[in-house]
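Below you'll find the structure, written out as structure tokens, and then a few comments.
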Amino acid sequence: MGIHHYFKSLSDMEKLYRCPGKFLYNEHTVAAHSFKVTKIAQFLGTVEEYHGKKLNWKSLYEKALNHDYPEIFTGDIKTPVKYASSELNRLFSEVEEEMTHKFVTQEFPAAFQDIYLERFKEGKDGTLEGNILSVADKIDLLYESFGEIQKGNPEPIFLEIYQEALTTIVKFNEMDCVKFFLDSVLPDMLAEKFIPQSELSKITQSLIADGD
Amino acid sequence: MGIHHYFKSLSDMEKLYRCPGKFLYNEHTVAAHSFKVTKIAQFLGTVEEYHGKKLNWKSLYEKALNHDYPEIFTGDIKTPVKYASSELNRLFSEVEEEMTHKFVTQEFPAAFQDIYLERFKEGKDGTLEGNILSVADKIDLLYESFGEIQKGNPEPIFLEIYQEALTTIVKFNEMDCVKFFLDSVLPDMLAEKFIPQSELSKITQSLIADGD
Amino acid sequence: MGIHHYFKSLSDMEKLYRCPGKFLYNEHTVAAHSFKVTKIAQFLGTVEEYHGKKLNWKSLYEKALNHDYPEIFTGDIKTPVKYASSELNRLFSEVEEEMTHKFVTQEFPAAFQDIYLERFKEGKDGTLEGNILSVADKIDLLYESFGEIQKGNPEPIFLEIYQEALTTIVKFNEMDCVKFFLDSVLPDMLAEKFIPQSELSKITQSLIADGD
Amino acid sequence: MGIHHYFKSLSDMEKLYRCPGKFLYNEHTVAAHSFKVTKIAQFLGTVEEYHGKKLNWKSLYEKALNHDYPEIFTGDIKTPVKYASSELNRLFSEVEEEMTHKFVTQEFPAAFQDIYLERFKEGKDGTLEGNILSVADKIDLLYESFGEIQKGNPEPIFLEIYQEALTTIVKFNEMDCVKFFLDSVLPDMLAEKFIPQSELSKITQSLIADGD
Amino acid sequence: MGIHHYFKSLSDMEKLYRCPGKFLYNEHTVAAHSFKVTKIAQFLGTVEEYHGKKLNWKSLYEKALNHDYPEIFTGDIKTPVKYASSELNRLFSEVEEEMTHKFVTQEFPAAFQDIYLERFKEGKDGTLEGNILSVADKIDLLYESFGEIQKGNPEPIFLEIYQEALTTIVKFNEMDCVKFFLDSVLPDMLAEKFIPQSELSKITQSLIADGD
Amino acid sequence: MGIHHYFKSLSDMEKLYRCPGKFLYNEHTVAAHSFKVTKIAQFLGTVEEYHGKKLNWKSLYEKALNHDYPEIFTGDIKTPVKYASSELNRLFSEVEEEMTHKFVTQEFPAAFQDIYLERFKEGKDGTLEGNILSVADKIDLLYESFGEIQKGNPEPIFLEIYQEALTTIVKFNEMDCVKFFLDSVLPDMLAEKFIPQSELSKITQSLIADGD
């Protein structure tokens, strides 16, 4: 039994890289992804609350913070594999749950086991907080894939990921936070522009002229 | 104005490495550190609550999640520099605050500015939640420095960091969560053992014998 | 249809890292692992042939070279997950096979499809060549885990991997190549020694004295 | 004497990076290159056999697998240096051969020395198998340089490498496998397309509209 | 007291990365930057001398080589922070000086302390050598930011750095070495061109045709 | 002709890694090595001057700064290869010289060509400045190999490098700077100590006790 094993396992999330098997300009760890999803969920929750929704903040933070923790037991199984067979997907989830259950009962003091079994459960459960997690998870994925496309990554998979992530976000477009994202965030992301090398010459000449 | 800039800035925390200027076996980003501190704070809060303390979970999560965010404006100033002059430290904190204030008022919708100014404030404020953050921050630092010492990092700075972190944790030893850490976690960490190469020979011979 | 997609997919194996989620001093890609396994299999086959066994070299090379190729479709599923449920393992293998089948029929000219379906099949099939592959795969794993233990990696998992790999090798100890490995290679590996820092002082003094 | 030293030396090929001294988006090791060349040679051989050529598969695999192994003794000498003086090139090859010879006689059991001296010889020897190796080696180089050009690498050397590699491949254009490559693989490689950021806006709007 | 500590500290400069907190295609260490600045200063000094200026080479090399050494004590404080408050900037410089002073008096033999205190002083002091350092420092920064823009880095900060660096260089446009740089180096840098993928098709077809 | 090509080539030295083909805990680039050698040479020169030697500082800096620049043309040829045949070594040096000569005459303005041909010549020429370079080059190599041994690198080559470097330094033990190094620097390097994990327990207990 040992919380030391739990604390140590957090470092394993710094060694799990997302999107294994693909060239990326900018690698992301599961630890950093979990951090960003929690920060994004915090913002989305703030928007929901502003529009009068009653939010369980404790639940939202627990869902966002822990949503990928079971990956330290199972590793990264590729999405197409998971969905290749609904039977496989069901079995995989079962095994993930069993391994998480075993870890919690082995390493946590009895007094905290139920709390942690609850925390490590699938968080995307149709509640407001679960829906915010679903959206936040996909917003970070959208940013990751946009970053690769913007830097010129020629792998077509990043456009597929971008589309898949956006499609999921749009499914929740009745939510105020999704409306805010689609109206006030996404356009700014798409409006980002490159500095074409040709412009550099003009800028340079103007700066040199200014100095004279 | 743009929440897009805020979401994008989260990625900068994946590019800030802790302990710059030192050889490390295992590098840690500020994003991953923030994630681990929030997870550790979650556990410490659970222990406090178990011992009957009334905890503001929303506040605890906000403090932990955001405690190093202003580093994206100011970069990593080395601790000895900060404390070399209390005047410098004070001015540095002022500038950090000003830059955070400017960012929030520039990028956030008016309706959310006060909420985020509050969230980005120094969280170690003597409240129960602030103290949990202080302890969680140092526990992660303890694990980072222990990891280097354990792997054989010859830089004496990691022993100094280990000692400084533990000294701060011990200052809070009236807290139930600190008692739990000192009694039930730290001993397991210290008891971790190497696999001496000499043992390998014995293990190997026994495995070969078993196969016959 | 396109062999271009097949050639390009080879690069994905350079981006699949082995043992995700664990701190390693020395990372290994699936491409490099496949190369080393094929080279080791080549040596083991040479030993078998020397002892009079009739070897199908073409088959041995095909098995070794392609044994981890399907990982580009399915990613790295952790071994404990695979074996947590024999049902899951069976389904996983089925899905892997289906995805490989789909890829071959989509990307390869009809004339070469049967050849490649055969090449991408599970190679550890109880034939002499299959058994050599089983042993070569574990020898590389043994070297990987030994390298980590030797460098002082404190993760207990590397001792477990070392033991598991050796146990599998020993199961084939009726084979001449395994005898050769256990008698003539393994002892040299275990006899590798460190240079203790204390010895450095003596060496240094002697070199300085020699220079006078 | 020790095969352990041979097995260990395979790991050195994971630490030899191709094209040292140049900025690359995507680094390649000599181990991974050897793997890819062997896989490409396997395909080219399959095409030749399909067109009725009699192929020595054992020889082809030996050539491809070992073609860069001697680099662990000599390191990476830049191509322009090698060809700056034919005398230097000849001497360099001689030294490479001597070092390989010394390694084989020192580390391999007497019974296997001739076999390995043969395997480590220059494989590009004008036989069908040697020619397939020449082509496979250049196809991987073509893919490496194409990958850099496609990702926007501004170093002109990658265009030079692309041209040099293609020029060599074209020299073998009497071979069926080269015809196949030029007709059925290269056009697909060149037809790969970017996702211009401008297209993203349209895709995004259409996905949002679909969700309504 | 120990020059060993001084020699060892040089390695810390290999672990200080420039521009922390930003995605870069090509990372640069403070050690490599110091090397490049000294090489550039050497060239600029050569131009000045050619135009009849009397140059103190010893002083120029000392200034260039040591200009960023104090960063090992203070780490990398972001430029906007430094200039956010002139008071903070003054205090920060004071602390940097104190820490350098303390290091020199602790680690260097008395006979060399004055020499090193002089060497570690701010080198940009309005002398010819100081001005050459100012220009060389900015030329390297210009190359670093140009490299990112050219590779397609979408962060607007690199255009800001490019402009800031050039603006400073232009301030010294009365110097012969700056005239040389603006007239004979900068235009070549800006004239660098990409290899558009579309050109590849033409080149490829022509090479294939040549081979026939 | 273009100094731009010269300035750009400095970046190539950031992409040349020392000791290719070997596992290293801590990688070093040729740019960083050149920087450290120049800094060490500066110190050694200071010691020589203190002991009354007349030093040509301009020459010392030119030698140290440029001593590995020609590696950008020739790459890293392994030392054992170079010395395997004195004929090869002579030819290799000739080719290196020719390539450097060609670069200088192609890229530098006529007025500066002689100056740079002189600067890029072999600097270890038996003069006081040449000898200081020889020693400084080996001191940095000694530190690099010591760093690997101290961190537990099991490759025997690092002890060989350590010994070879020290042997060369000792050959110059008539020089005051070498005496200083052997008497006042090397003992401190060797006296560096590890923090055994066992000590951590004691330190920890004492810190906890202090807090009570």
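Chains: A, B, C, D, E and F, in written order; residue numbering restarts at 1 for each.
To be clear about the criterion, contacts are C-beta pairs under 8 Å (C-beta built on N, C-alpha and C of every residue); 3 or more make two chains touch, one makes a residue touch a chain.
Predicted model only: the values in this text are computed from it and were never measured.
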{"item": "Most distant chain from subunit C, judged by the mean position of its C-alpha atoms", "value": "E"}
{"item": "C-alpha-based rotation, subunit B on subunit D, 0 to 180 degrees, nearest 5", "value": "180"}
{"item": "Same-residue or different-residue interface between subunit A and subunit C, half as cut-off", "value": "same"}
{"item": "Separation of mean Cα positions, subunit E and subunit B [Å, integer]", "value": "33"}
{"item": "Distance from the mean Cα position of subunit C to that of subunit B, given in whole angstrom", "value": "38"}
{"item": "Whole-Å separation of chain centres (CA-atom averages), subunit A against subunit F", "value": "45"}
{"item": "Of all residues in subunit F, the ones touching two or more other chains", "value": "11, 13, 23, 25-26, 147, 150, 152, 186, 192, 194"}
{"item": "In contact (per the touch rule at the top): chain pairs", "value": "A-B, A-C, A-D, A-E, B-C, B-E, B-F, C-D, C-F, D-E, D-F, E-F"}
{"item": "Interface residues, subunit F side, partner subunit E - complex", "value": "2-8, 10-11, 13-14, 26, 28-29, 31-32, 34-36, 38-40, 42-43, 46-47, 50, 57-58, 61-62, 65-66, 109, 111-112, 115, 119, 139, 143, 147, 180, 184-186, 188-189"}
{"item": "In the complex, subunit D residues that touch subunit F", "value": "11-13, 15-17, 20-24, 71-78, 80-81, 84-85, 87-88, 91-92, 94-96, 98-99"}
{"item": "In the complex, subunit E residues that touch subunit A", "value": "23, 25, 146, 149-150, 152-154, 156, 158-159, 162-163, 166-167, 170-171, 173, 182, 186, 190, 192, 194"}
{"item": "Complex contacts: residues of subunit F adjacent to subunit B", "value": "25-26, 147, 150-152, 192-195, 197, 200-201, 203-204, 207-208, 210-212"}
